[in-house]
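Below are two complexes that have chain A in common, paired first with chain B and then with chain C.
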Partner chain A sequence: MKERLIFGYDPFVLPFLIGMIFIIAYLLVGTVRIILSLNNNEKKQLFRIFIPVNAYKIVKDIILDCLLHVKIFKRNLLLGYMHSSIAFGWFMLIVLGHIEVMLFTPQRNGIFYYPIFFRYFVMETEETLQGAFFFFVMDFFLLIILSGIALAIYKRFRSHRLGMKQTTKLRLGDNIALYSLWLIFPLRLLAESFTADISGGSFITKGINDLFHSFVSNPANTLPVWWAYSCALGLFFFTLPFSRYMHIPTEILLIVLRHVGINATSLRDGYSEAEIYSCSRCGICIDACPMSFEKKDVKFTSVYFIRLLRRREIAEQPADLCLMCNKCVEVCPVGIDSTKLKLICREINNGAISFDYTPVKYNSPLKREKLLYYGGCMTNLTPSISTAISKILDKAEISYVHLDKDQTICCGRPLLLSGNLKGARELINKNREAIISSGCTTLLLSCPICYKMFKEEYDLKGIEVVHHSVYINNLVKSKRIVLKKTTDTCVYHDPCELGRGSGIYEQPRELLSSMMLLKDSPLQNNESICCGGSLGSISMPFAKRKIITGGSLDNLLTNDPDLLVTSCPLCLKTFTPLNSKRTADIAQVVSEQMIN
Partner chain B sequence: MVSPSENLNLNNMYKNVLVLGGGVAGLQAASSLRDLGYRVTLVEKGEKPGGHLNNWDRLYPGNITSSSVIDGYLSNSQGIRILTNTTIKSALKSDKLLTVITSSSEEITVSAVIITTGFSLFDATIKEEYGYGLYNGVITNADLESLFISGKIHNREKPSRVGFVHCVGSRDDKVCNRHCSKICCMTAVKQACEIKEIWPETEAFCFYMDLRMFGRGYEDLYYEAQNKYGVNFIRGRVSEVGEDENGKLVVKAEDTLTSRPLKISLDMLVLMSGMVKNPDNKALSAIFETSIGEDGFFAQPHPIVNPTGSSSTRIFFAGSATGPKSVAESVNEAKSAALSVHMLLSNE
Partner chain C sequence: MTEFGFKLSQSNRIDLDETDNSVFKKVAIIVPDIKLCFNCGSCSASCTSTHFKRVSFRSAILLLNRGHNKEAISMLKSCMLCGKCILVCPRGIDTRNIIINILKAEEEMK
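Right, the complex of A and B next:
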């Protein structure tokens, strides 16, 4: 293999070269801007990349997420293949191109365009095993990419064939970038086929050369094709910043920022900026979002919310409408915390509204007991749950204090979710005082909304915070209460705040299985569908909620259970009027199945 | 006195009509049809005719007892074939006749059907935050009427405060009922007055969203409730009900006139359970090829000019099968439906 052109240059490389220089400059400036917009503390945090564990994690995540797209693979094989074939294939072409330059034309090392257009500049002198090997792998990866591109084209028009009900709608910048991306590799194939009889090739490039010999070996056709290839690359680089493909470089930055422990605090700080640009608009969050039960509401899903942010348009409506069920966050392959971004939006928009509180206080001096039970507003609306819990505790002979038996102070989560941090703080302080002064060691909660709040936002050192589904399960395991079996079957609904919100999936299932046959539903655990009642949304009307509740119920009742069990008072309230079967809280079921 | 059937077209004698549902609308429709000379079969799924009125003490205006209304119909039911504990399984349509098969496999061939299947009382346990079924002090309007009928109300300890919650299961999207049940405002006012009659010192509170005093004499009773009986009216929905250590009900609500949250302890709370669709409507509608509205009640194609007509020629409606109605309105509709049947059949 040796050089064919003395100067190692031809004007056709210019579109690529200019595009490349543009994009590198753009990315450098962008990165510097993001880093500059970090506050001092965060900047210091950046040095944590040099800690070996972090560095290892960053590299691992970049390989797994940006190149191999393992997370998409796990959700959907075809879609994963589509993403990883293009990303990994392209990456390998670049790496191998560089290796070829190093091996065969070391004098050209460091010239930007050389590895890309290597085949144009060299000619095959003698057949070597090494050369043939490179021909083969280059062709191989090109084929892989082409198959990915073919899938991508197919997906654009037939998204459901790739297991996606909906795919994202594109605008001009995206479209140009998309078409140039689609063009790059077929053009590369063609260009390399043209020179395959000069510079060598393997099974496809050579094959095409043999097949269309008279056309491709015509030197007059060669250069235009290489020009076209270079133009497609250049065009792609130029439109990259204005298209969704910005996610390719940005995701790397996002991974770095995440691993050094930086988090979003405002809508346009370094981290959120990186998140916004990292969204590949893969559309996975569209199908996951319960709002997409109604086709016209697809526009409120996270992908479009993020796009509004990116364009600096008003994103208040989707931010307020979102149920904060966190499913989109759970499924997002990039790990974008879009609900956090929505929360920040709400803080800006609603933080100013002042709610007028009549002063509330816990009046009666509390008895001192180790166990403190706090029902919260939601349990006060579903007294069957608190009644069941008190029955269970009495049976287990555990004495306790019911903090909010006839007086309620909200845990503060609704205020927090509405963006009113100040109001939430007031409630938190009030409750915290009452809880700490009660001298309890365990705080029992029957509402996942409160549970998440007490776990994450209250600083209750030394006090164990536990949800009733876990607490009761422990009572059963330690034989403090004994349950009888029934022949009824049930299905379990994972409340958003308990499942995705707090990672509790197993204990409630274990508890239910000890009483009856627990049936599965197609989407459960972290894939569970919000009941629709979520107080996360501050503007969703009942008509829309009803549709979501219906969709969620359809999923739960797939296997025709006798009973729908949940462990959240709000889910219970939401499902009951629409469920044709019985809906019950896990505590109710236990209290009915207790034997002495 | 001339017997009503004497001056009627003899043709009618041989025509059968089915009335479905033995509440006040059904009883009135049946007796009107009988008076017009038809052979009437009244099918009732319960043990005895009378419907919801069997469980109601007194009616307003006029303060007459429900039992007297029902007794009036039953004592004059000669010529009406009443089948109790019976439902309809299917119906076969032929040219001018319908053959209906009952749950006891009897075939009845009729020329027309009047559907008077009425309403169901909203199941108050669904509004769990009001604690019905959990706290002894929480009862429904129907429970209170039963206490009045049986006289057991006098066995109860005198409550110092009684509350009435309007719109329980009505005007409430959360339980999928958007409609107003029309008569429960009036019922609450009536029951509050009745409680004050029994225990004059007891304080009574009505928690309402709007007071819908639509009928003649209703507004008068509302004034009387305030001026004569001293019933307190609080505009605002009850948010939740709890029980304190002493077993007293703790009711939280909002007083929207003063824009303040309110907490009050009561001894008894009466829930105005609303009127909701009869659960049989769907099946019946399929059998008789009629249609059902979004609220689950039967739908009339022309509710204003032909409130008793359905989309099938031989099927008619009367009473609260087509939405909440008072007793007087149901009686009126029953007569109207009977007349519509007569106009159809006497021309054939």
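Right, the complex of A and C next:
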């Protein structure tokens, strides 16, 4: 293989070249801006990329997430194939193009455009067999990309065929970028086919060349196609910053920032900025969000919230409405913590409200016991749960103190989620003081909202914080209580704060299975749908909550169980009025199944 | 003249022209739910905070409607946003959102 053109240059490379220079400059400036907006501590943290473990993790994540899109694969094979075929295929074309230049025209090493338009500048010689391998792999990866593009086009018009009920709506910048991206590879195929009889090709490029020989081998047709290919590339690079495809370069930066331990602290610091631009608008969070049960509320889902932030528009409404059920965060293939960003929005809006908790305090001094039970506000409203707990503890002959039998001080999580940290701190301190002075070693909780709060925000050193579903399961395993079996069947609802929030999925299921047949529901464990009662939402009206409760119930009752069991007083209270079957807390079920 | 013991007592009537229910109106634009309250008192009866200080959502709404903004706000200052009142309200009123907006209106008045 040798050079066909003496100067190795043709004006058609210009659109590509200018676009490339533009985008490289743009990305450099962007990266520097993000790094500058980190505070001093975070800048120091950046040096952690040189620690081998971190470097290894960063490289691994970049390959798995940015190139192979493994997380999307895990959710949806076709969608994963679509993303990874384009990303990985394109990456391989670039790498192989460079290798070709190094091998066959080393004098052109380092010229930006040369590997991209290699096929235009070279011609076959006698020893072409050396290049045959490359002809084949290049054609192979091009084919892979083209199949991905075909899927992408199909998805745009028929998203449900790829297992997605909804796909994101686009604006001008996105559309231009999208269409130019779709055009790049068919044009590359055409362009390379046109020159396949000069510079060589493999099964598709050569094939097309043979098939339409008279048309494609007409030199007058060749140059316009190469121009078109170059223009499509240039256009793509120029619209990249104004489109969702900014996620391609930004995600790499996000992975780096994440692995050195930087986190979002304001809406526009380096990390959140990187998060906002890393969203590929893949739309996976749309179907996941319970708000999308109502078509018109799709606009409040995380993808659109992030887009509002990116455009610096007011994002208060979706931030306030969100249930904070965290499902979108759980499924996001990029790992964008959108609920954290929403919380920051709320802190800006509600952080200044001054609550007054001076008169708030527990009045009776407590008896000292090893076990302290705190029901919290919600259990106060569902006394069936605390009654069941007391029955179970009595049966197991465990003495305990009920901290908030007559008066509760809220754990502070609702305040925290409303964005009022100051108020939440005050309540935390009051509860913390009472708990520590009680001298207990175990704090038993019935409400997952409290559980998460006590675990994460209370700093209760030396005190084991445990949710009743886990505690009771341990009582059964250690034979402190004995349960009988029933022929009833049940389904278990994972409360958001206990499942996704605290990672407790197994123990409640183990406990239930020891009493009755536990049926599955299509979406469970980390995919469970919020009951709709979540206190995480500040502004969701009753009518909307009801629709979500209905949708969540539909999912749970798919396999027609006799009983819906949950382990959260708020879920219990929310489901009960709308459920045609019986709803019960796991503690209630246990207390009914105990053998004396 | 014989004193019969009758005298005119001061009017208890609320002069609607002079009532400053601006806060109520302001909040009603953001959360129209506020107009649904029929003062049943379920919210106050179940309130977590009222054990410590008189916190009453029901009274606060009544007071706001009559223009007693200060008293209304002082009645919500110790709310913990725990959400019990949402769950018991027979009218399905989004109480916490109203409370937050009333308190925000107060911050703005300062």
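Just so we're on the same page, the second predicted complex is superposed on the first by the 588 of 596 C-alpha atoms of A that agree within 3 Å, B and C clash if a C-alpha of one lies under 4 Å from a C-alpha of the other, contacts with A are read in each partner's own complex, and residues count from 1 in each chain.
Keep this in mind: contacts are C-beta pairs under 8 Å (C-beta built on N, C-alpha and C of every residue); 3 or more make two chains touch, one makes a residue touch a chain.
Just so we're clear, the structure is a prediction, and the values are computed from it rather than from any experiment.
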Which superposed partner A:F542 touches (first chain B, second chain C, both, neither): both
Touching partner for A:I248 - first (chain B), second (chain C), both, neither: neither
Chain B versus chain C as contact partner of A:L68, first or second or both or neither: neither
Which superposed partner A:S418 touches (first chain B, second chain C, both, neither): second
Touching partner for A:K573 - first (chain B), second (chain C), both, neither: both
Dominant contact partner of chain A by residue count, chain C or chain B: C
Contacts of A:K405 with chain B and chain C, given as first, second, both or neither: first
Which of chain B and chain C A:S384 touches, first, second, both or neither: first
Residues of chain A at both interfaces, chain B in one complex, chain C in the other: 380-381, 406, 408, 542-543, 573
For the chain A and chain B complex, residues of the former touching the latter: 358, 380-384, 387, 405-406, 408, 542-543, 546, 572-573, 576-578
In the complex with chain A, residue positions of chain B that touch it: 126, 128-129, 131, 134-135, 173-176, 239-245, 250, 252, 260-261
Touching residues on chain A, where the partner in the complex is chain C: 320, 349-350, 352-357, 359-361, 377-378, 380-381, 406-410, 412, 414-415, 418, 420, 423, 427, 533, 535, 538-543, 570, 573-574
Interface residues, chain C side, partner chain A - complex: 31, 33, 46, 48-49, 51-53, 77-84, 87-88, 92-94, 96-97, 100, 103-104, 107
